[in-house]
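Think of it as A, B, C and D in the order they're written, each chain with its own count starting at 1.
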Amino acid sequence: MAKITRKGIAFEKDQLSEFDRLIHKRGYTNRSEAIRDLIRNELVEEKKNNPEETMLATLTFIYNHHDHGIQHKLTDIQHKTPGLVRSSMHTHIDAHSCLEVLILEGKVKHITKLADSIISSKGVRHGKLVLTGIC
Amino acid sequence: MAKITRKGIAFEKDQLSEFDRLIHKRGYTNRSEAIRDLIRNELVEEKKNNPEETMLATLTFIYNHHDHGIQHKLTDIQHKTPGLVRSSMHTHIDAHSCLEVLILEGKVKHITKLADSIISSKGVRHGKLVLTGIC
Amino acid sequence: MAKITRKGIAFEKDQLSEFDRLIHKRGYTNRSEAIRDLIRNELVEEKKNNPEETMLATLTFIYNHHDHGIQHKLTDIQHKTPGLVRSSMHTHIDAHSCLEVLILEGKVKHITKLADSIISSKGVRHGKLVLTGIC
Amino acid sequence: MAKITRKGIAFEKDQLSEFDRLIHKRGYTNRSEAIRDLIRNELVEEKKNNPEETMLATLTFIYNHHDHGIQHKLTDIQHKTPGLVRSSMHTHIDAHSCLEVLILEGKVKHITKLADSIISSKGVRHGKLVLTGIC
């Protein structure tokens, strides 16, 4: 478990009550938890800008499996940088379309390159990369 | 397969050659494909703003499985709105942390609510929602 | 001046030292100040999603002043919703291009509509809207 | 004026009619114009990631002018990198708060540094940087 330390923070009264309302709406039962999440988000955002940082990521994309050669190409790309793709999950949306999610781990520059290759493939429709990490 | 129609588009010469350079770097072999992807992104962005729209989504989050009651709570949340979670994938990051991805399908307002509940749970660290669709 | 209240917040030790490093890099001399800024950002993000909310905004756009009728059109749009545009600033970039910034105040739905009209005008190149407020 | 070149682009019929609906809603009268704007946005997004790129920017921020020494500090920061700030505009929001917009021109790394310094200043509340350019 992470070591916890307690610090006094100066809040503006009005802002704090607005914030308490917002986090209550989102389901938080604890103000410290909500503030730690804000901080974590900010740390993740910073790491994303460093191509050499090692991060986790998920790549979500939709593709048409009838598209000639697409599945072969997608497999090919995933094998080019061994160790980058940890696992993948696949779901059928309709007669033509699949949604696939990859869990990736590696340097930001390698993750981005793989995501670009997949999203730019003919047959791949919308694709989005989420970078995350343990901060 | 989607029906294709060919239209003449007026480009600025300099901008077009800059764009061709950018999409080549990202791996596109075809300019029409890249433009269709830009359009699709824009359509997805618009749909995300409508709470009543039916969309697909993935929710990526990291949590500490040692946190008391967390797995029970996460399962509980996912069962509250039946049919919203299509499937999930789980991977171990280190001794404490797991990364989980859910594939969701439903109205934007329901997807957002479930994502808020999970991200605000004690024990859940960084979480990010990706909304997508077939446009 | 805003009324200040001091609260104890539980931080994870490692995360806190990472955060202290980040905010020091950005120029903060005070941790409470940095946390209040994070909270404010989050509150602004929430308000932006409510079309009826009254907010402040700036609209930045670049346009080619040689484009026939563009200045007349831009003035026209700004006068359609009286009271929305508080002030504007203009700067010359090169022989053809101007950068203009408008300060806007009004309901999110009116601000967005005006921004869409300007950005979609022939002759207007890149445009970006920033919504802000006193939270 | 930019040199124009006409190219045939292959669209999916359904996607194109969705796109036409969206751009009509936003006020575009011309499909080519809307596509050029999408491309420009994408080129600007790419340039933002290169610290050495020369770009234009606007920095929007709100501050409390009663805060001791704030105006002196803001002026100081703006003079540290001569030539970076092209012009500024100021507006009074209420008895305490001002909204200020700076137009900046310079390398991305210098623009970002100045924005960080201002946003992290005590007394400065919400701040947002928009990077733009002529693409």
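Here is the rule we go by: a contact is a pair of C-beta atoms (placed from the backbone, for glycine too) under 8 Å apart; a residue touches a chain by one contact, two chains touch by 3 or more.
Just so you know, these numbers come straight off a predicted model, no measurement behind them.
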Approximate Å spacing (C-alpha centroids) for the pair chain A, chain B: 9
Distance from chain C to chain B - Cα centre to Cα centre, in angstrom: 26
Residue list for chain C, restricted to those that touch at least two other chains: 40, 135
Touch-based graph of the chains, sorted into line, ring, star, complete or other: ring
Touching pairs among all chains present in the structure: A-B, A-C, B-D, C-D
Residues of chain B that touch chain D when the two form their complex: 2-16, 18-19, 22, 31-32, 35-36, 38-40, 42-43, 46, 135
Sites on chain A touched by chain B in the complex: 1, 23, 25-30, 33-34, 37, 40-41, 44, 56, 58, 60, 62, 64, 66, 86-89, 91, 93-94, 96-97, 99, 101, 103, 116-117, 119-122, 125-126, 128, 130, 132-135
